[in-house]
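Given below, in the form of structure tokens, are the structures.
Next, two complexes with subunit A in common: one pairs it with subunit B, the other with subunit C.
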Partner chain A sequence: MKEVLILKKSIFIITILLLIMMTFSTAAQNETEGVYGGRLNAALKMSAPHLDSDNSTDSQITAMMNHVYEGLFEFDENLQLQPHLAESYSVSDDGREYIVELRQDVMMHNGEKMDADDVLASFERWVNINGAGNLIKPYFDQAEKLDDYRIRFKFEEPYAPFLNIMASPVSNQKFVVRAKEIIDVFGDNVINRHVGTGPYQVKEWIPDQNLSLVRFEDYSPNQMEASFFAGKRTPYLDEIVLNFITDAQVRVSGVQTAQFHFAEEVSRDQYQLFEADANINTQIIYPDQMAVFVTNNGIAPFDNKYARKAMVYALDLEEMGFSMVGNPDFWRLEPSLHEEGNPWYAENVGEGIYNVYDPDKARELLEKADYDGTPLVILSGQDSQVERQGAIAIKDQLERIGIEVELQLFDRPTVVERRSELEGWNIHLSSFIKTVPDPQIHQGWTGTNKWITNWNSEESREMDAIFERMVREVDYDQRYQIVEEFYEKMWETVPYFNMLDYSRLHITRAELKNFEPAWQTFFWNTWLEE
Partner chain B sequence: MRNYIIKRILLVIPVIIIVALIAFFITNLMPGDPVRVILGNFATEEQVIRLEQELGLDQPLIIRFFSWLSRVVRGDFGNSIYLDAPVSEILLSRIKPTFMIAVSSQLLGLVMGLTLGITAAVNHKKILDQLSIGVSLLGISIPSFWLSLILIYIFAVRLGWLPVSGFSSFSEAGLGALRYLILPSVTLAFMQAGLIARMTRSAMLDTLKQDYIRTARSKGLSAKVIVLKHAFRNSLFPVITVIGHSFAVLLGGTWIIETIFVIPGTGFLAINAIMRRDIPVIQACIIFVAFIYIILNLLVDLSYGLINPKIKYN
Partner chain C sequence: MLFNKNSRIFKEPYIITALIILSIMLFLAIFAPFITEYKPNATNPRNRLQPPSSEHFLGTDEFGRDVFTRILYGIRASLQVGFSVVILTLIFGVFIGVLSGFYPKLDRIIMRILDGMMAFPGIIIAISLAAIWGGGKINIILALSFAYFPKMARIVRSSVISIKDLEYVESARAVGAGDSYIIFKYILRNAASPILVQATFNFALAILDEAALSFLGVGIMPPAPSLGGMITDARSFMTVAPWLIIAPGLMIIFSVLAFNLLGDGLRDFLDPHLRGKIN
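Moving on, here comes the complex of A and B:
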């Protein structure tokens, strides 16, 4: 009888232990493993003309097609370059040769395996027709196939930014691998049949309405740990529908009603409202955007560096932050063009000038620059809240110290056209992407000795020389020193400057799990839970 | 009658040519270079020149005009700069949603407007009259974009009865397509109803004062017969004119509503084209709206003869 009791007791204890173990293991599994299935509906802010990233500078194309195409290299969440379709790579000591070994057994959407022919065909097309490819063209010699899974990229001169530019989200378009058979058919024309290696493939594309993607069942994931665009991509969702909804409030309502699981770029003013809603998660993007104060350096008064420096002293940047963005959760003062954590971040740049609000000093510098009091024309966009409010705030602050200002707010096409002129404007407020993975790819400097600010003087040529050295230096430490030199020169001559960094706000439904707030939105590794 | 119709149709041709002329020059002279919009902020001058040549924008304006006009008279509006597809094909693919929204709004607006107008006239200077005037005034005054957002908030966000945005045709979704039509149609119909109700009320009040109405009453005819058979039919002229014009206005109204509800119609196409400076598409949309407007006016004029056989066309 006693034995039976002990046995019963033991069985009871074991059962309890098993139940506890099962509960914990299920919980642990839920934390690490997603749920397959479901259709995700996302509301994006704008559409794209087509889906061929090589044939456009529109970053929206890359953002959407990251699900379909992959690069040889991709960036992780710390903007560190990681091999993706590449297995490994080596760079020669002189920086003229890159040998890239490809991953084997990577399936493409046409059922074929990716090999060096696909990569070479894609690379040649990208170099020839894409703006990013054009950046490297002056330095490039040839790409050759060593065997089915090895490629050698040769340069005529040492070229340090090569791998970063190939994976960059800001260098017009990143390099992605397409099936050679598609490139043979379309050549340089816009591709409308998409065969890549990504976790999703295109199901349907209706311009101005939506892009529908379905899981690629034979997807061959990279086995590295997932981190933003690098590492393992798991396509949990059966289908992803990217809808183009231009009105922000409609995007918000769509998430509130569960019609959409994700809404891109919604009003920051509604942040508290979203925070109070249990069905909605807020996603603040960081690093994200920079509000850049651009001067027309081709004409007076900003052809003189003292006048440009005067603008830095004339602006109360904290006040600007509140005027342009509002809630300080969404903006921060940052003089560096790279965010903290970025390999090219430089601390203490702009010391003694950035965020030193000193109207007297500004007046003194303007006098030194022989500024004759001609009204300054501020040219800015009226569609973006940051640009519109920023331009108004700049006007107010400059008028406060006695500078006469004419404010011109237009829609984007008009602003782009007018800003390309040499005359007719003095100040322009522009938004630059903050996620700059290589110091050579600053948006203000196009890589061809042409400054967006009409800057063409002895000072700009000195800066070009710094960039030239930066391009050739392949050693990170040496290159970092050149970057510091660049910052020093930049704050000495101020061709343009970053007023502040700011973040966009996205929202997601609570059912959408494991969403990562990256600079370009992606939905692999996310899943839906009821 | 036949001669009149032929004459009116022939008159459409010079009007369309004038519209085309205005559309061409306005779109080409408006600020904002489509080439720079396509290439972005950091395009080099070489890239700009190359694309201008590709798109034919490097030619003098007058040469471009005649080349464009010669194609337009053959129904060829060229290729969309942004979507890189024939404009006529794009436009044709967008007519169906616009037509569905416009017709459903017009029908709804007619029912609401006529009901409000007749009720107001029959109950002249009573509370129902005041209420009807108030509702129709609201219809005219409330901006459609604001009303649409309010309706979305109430019926989609709060009550969850209808979708926030989107569109589906009857061939794809059957009766489910109605769910997508309701909010945009009601938004537009509210404005239509306001216009139609005010004109119906005014015309009905005039007619109800006529001698033959008094005679009808003295003959002992029922109020229903007097209002619907005698008064309403004789009030139709101004009402039909307003209906015709308001339908044309409605086509303009869909531009905003289609954008808010993401309905892939001609309005949505036009608004996007303006934002992108897709000049061939803007031109085609202007000519399309003008053409519809002219045709509607013609139909309104011809309908007078059908309503009142006494009218003769010379």
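Moving on, here comes the complex of A and C:
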């Protein structure tokens, strides 16, 4: 009798345990398994001139076309490089040879399987016309097909950032695989028929209005665990419509009225309002942007390092944070070009100069630089709140210490055109992506006089030599020492500097599920619930 | 006389209302530096988006600038633009209109050109010119003047044509008066009423269009205060700081209303037919 009781009790306990386990497993399953179907409407802050990332420096193209094209390698949420269209890879001991094995099951939008010919054609185009590909060119020897699914990349010199640059999330740098047939048709010209391997394919592109993407039914996902751009991409949504809405308030209203499911970069000052709205979820992108103060080092007064240093002392950076971004929860003062936790983060850089507000010292340095009082021209964009308000705040701060300033605010294309000229501007504000996995991915690091600063002096050549050593050094510790050397030189000569880091704020409708706040917005693995 | 203190002009309710509003605006614009202790462009970001208080009568904007101060200086900018546009429009409009109305041979050429210009809405012409020349107060004044003068010229031409064949002009010509004497002594004096009315409407239109151009980003360049520019900047903050958009918006409404009332009042007063009806 006693045994029967014990048995009954045991069965009861086991049943309860099983029930609990089933309940939790169902809940877990519900959380990870999405709902197929539906059309997502997103409001992006700006349009793009075309959809060919190799032919533009516009990061918006890469962000949108991440749904259509994929890289051999992609970054996960920890900024770790993961093979994506690649199955595996190996690097020779001398760092000059990379053998990449491709996945064999990858279907392209034209119904063909991706193979080494597609990758080689795409790579050749990337090296020839993409800005990042161009950087590799001087060190690169050749890419050869070993068989249909293996490729060897050979370098004449070791080139440490190769894989990181190929997967780079910055601007247009990422290498993506396109079908050979479209490269044969378009060559180096702007591609307007898109055949990739991504979970979505282009349905319709109406410039300045919207981009419609539809699910690619034969998509062959990577089977690794999903993590930002790496791993499994599941196209739950039938269709994604990316609308270009330049006015932030219109984007906000669109989400409030359920016209849009997503609004990119909305006002951080409205954060509390969004938080109080049950239909809206806020998506804060971890401080992934830098507000960079750029000087034109090719002409007076900033061809002199003392004048450049004077600017650091002249600016109250905390005040700049309030002016440019507003809500202090969304910005922080940070002189390093990499965020804390990044393998290339450097502590205590810029000590003694960064965030040391000292107008007297600024005046003294300007005098040392023989600054003759010619008004300084600030060239800045008026489409971006951070850049526009930053320019206005800098003007006010410099005028407070007696420097005459002329402010020139233009639309983005005009700013890009004017800043490419040697004359006509002295100061420029630019926003840069902070989350970069390699010290050399960042455009600001990829050269000195090659960049917009027009820096071309003995100091810039010394900086070039530092970059050159950084490119060739494949050992992390050795390379990190060179990075520290770079920082020392940078704060000694100040060719440009990071004023502050700031976060972006997106908003989504509550019915949009499993949205990941990544540095570039994507909608695979997300779904809509009624 | 038009402005005799006993004239009925000062008994017109529209005109009286308009003059009161405009006097207040003019006072605020002229004495702005004495009315407020703040500078219009002085930022204080740690004090941003403060609601109206005793310290900041209309609150502060996204840079911590005093909104009341910026409105005072914004009115000043609007009045400067409006006044300058009216003067330039009068000079060119009257000159072209008189030439066209008085000399029929010139009329055909000039009027076809002006018809072509008038085929486009004034604001479109102004936006195009401002986009080509760039923003800034002077460019805005030139752009708006260019956009408005054809209408003024057409009004002047009509008046000149209707006056030049009247008996007293014929009499002057018969006694040997020259063209310029006739134009200044007889024609322009008698064409003054419609010109004056159109000038006041142009003033209102210039204020409104300057605000529109600044709102579109091709007007007065920041950080200089302008009513339209303030509204543009306030759009991103209108839900958290509504005072930023309400105050300059009301000021634009009042200033345009005042000039429209003045124009209507003057038209009613100067038009004998309308005056008869009213009386």
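Everything that follows uses one rule, which is that the second predicted complex is superposed on the first by the 495 of 530 C-alpha atoms of A that agree within 3 Å, B and C clash if a C-alpha of one lies under 4 Å from a C-alpha of the other, contacts with A are read in each partner's own complex, and residues count from 1 in each chain.
Here is the rule we use: a residue touches a chain if its C-beta (ideal position, glycine included) is under 8 Å from a C-beta of that chain, and two chains touch if they have at least 3 such contacts.
None of the values given here were measured: they were computed from a predicted structure.
*Asks:* Quick one: classify A:267 as touching subunit B (first), subunit C (second), both or neither.
*Replies:* After superposition on chain A, A:267 lies in contact with subunit C alone.
*Asks:* Which of the two, subunit B or subunit C, is in touch with more residues of subunit A?
*Replies:* Comparing touch counts on subunit A for subunit B and subunit C gives B.
*Asks:* Using the touch definition from the top, say if A:50 reaches subunit B (first), subunit C (second), both or neither.
*Replies:* first
*Asks:* Is A:409 touching the first partner subunit B, the second partner subunit C, both, or neither of them?
*Replies:* second
*Asks:* Give one of first, second, both or neither to describe whether A:257 is in contact with subunit B, with subunit C, with both, or with none.
*Replies:* first
*Asks:* For A:207, using the defined touch cut-off, is the partner it touches subunit B, subunit C, both, or neither? Pick first, second, both or neither.
*Replies:* Touch partner of A:207: subunit B, not subunit C.
*Asks:* Contact-wise, after the overlay, does A:249 reach subunit B, subunit C, both or neither (first, second, both, neither)?
*Replies:* A:249 contacts both subunit B and subunit C.
*Asks:* Considering only the touch criterion stated at the top, classify A:495 as touching first (subunit B), second (subunit C), both, or neither.
*Replies:* neither
*Asks:* With the touch criterion stated at the top, can you tell me which subunit A residues are shared between the subunit B interface and the subunit C interface?
*Replies:* 247, 249
*Asks:* Show which residues of subunit A lie in contact with subunit C when the two form their complex.
*Replies:* Contacts found on subunit A: 247-249, 267, 269-270, 272-273, 319-323, 326, 382, 385, 388-389, 392-393, 395-397, 407, 409.
*Asks:* Write out the stretch or stretches of subunit C touching subunit A in their complex.
*Replies:* Residue positions touching the partner: 41-43, 45-46, 48-49, 62-64, 217, 221-223, 235-241.
*Asks:* Would you mind writing out the residues of subunit A in touch with subunit B in their complex?
*Replies:* Counting only subunit A, the residues touching subunit B are 47, 49-50, 57-58, 131, 172, 190, 206-209, 243-247, 249-250, 253-254, 256-257, 259-260, 410-414, 416-420, 430, 443, 446, 448, 450, 452.
*Asks:* Along subunit B, where are the residues that touch subunit A in the complex?
*Replies:* Contacts found on subunit B: 31-34, 36-44, 47-48, 82-84, 149, 152-153, 156-157, 160, 163-166, 259-262, 264, 268-269, 272, 275-277.
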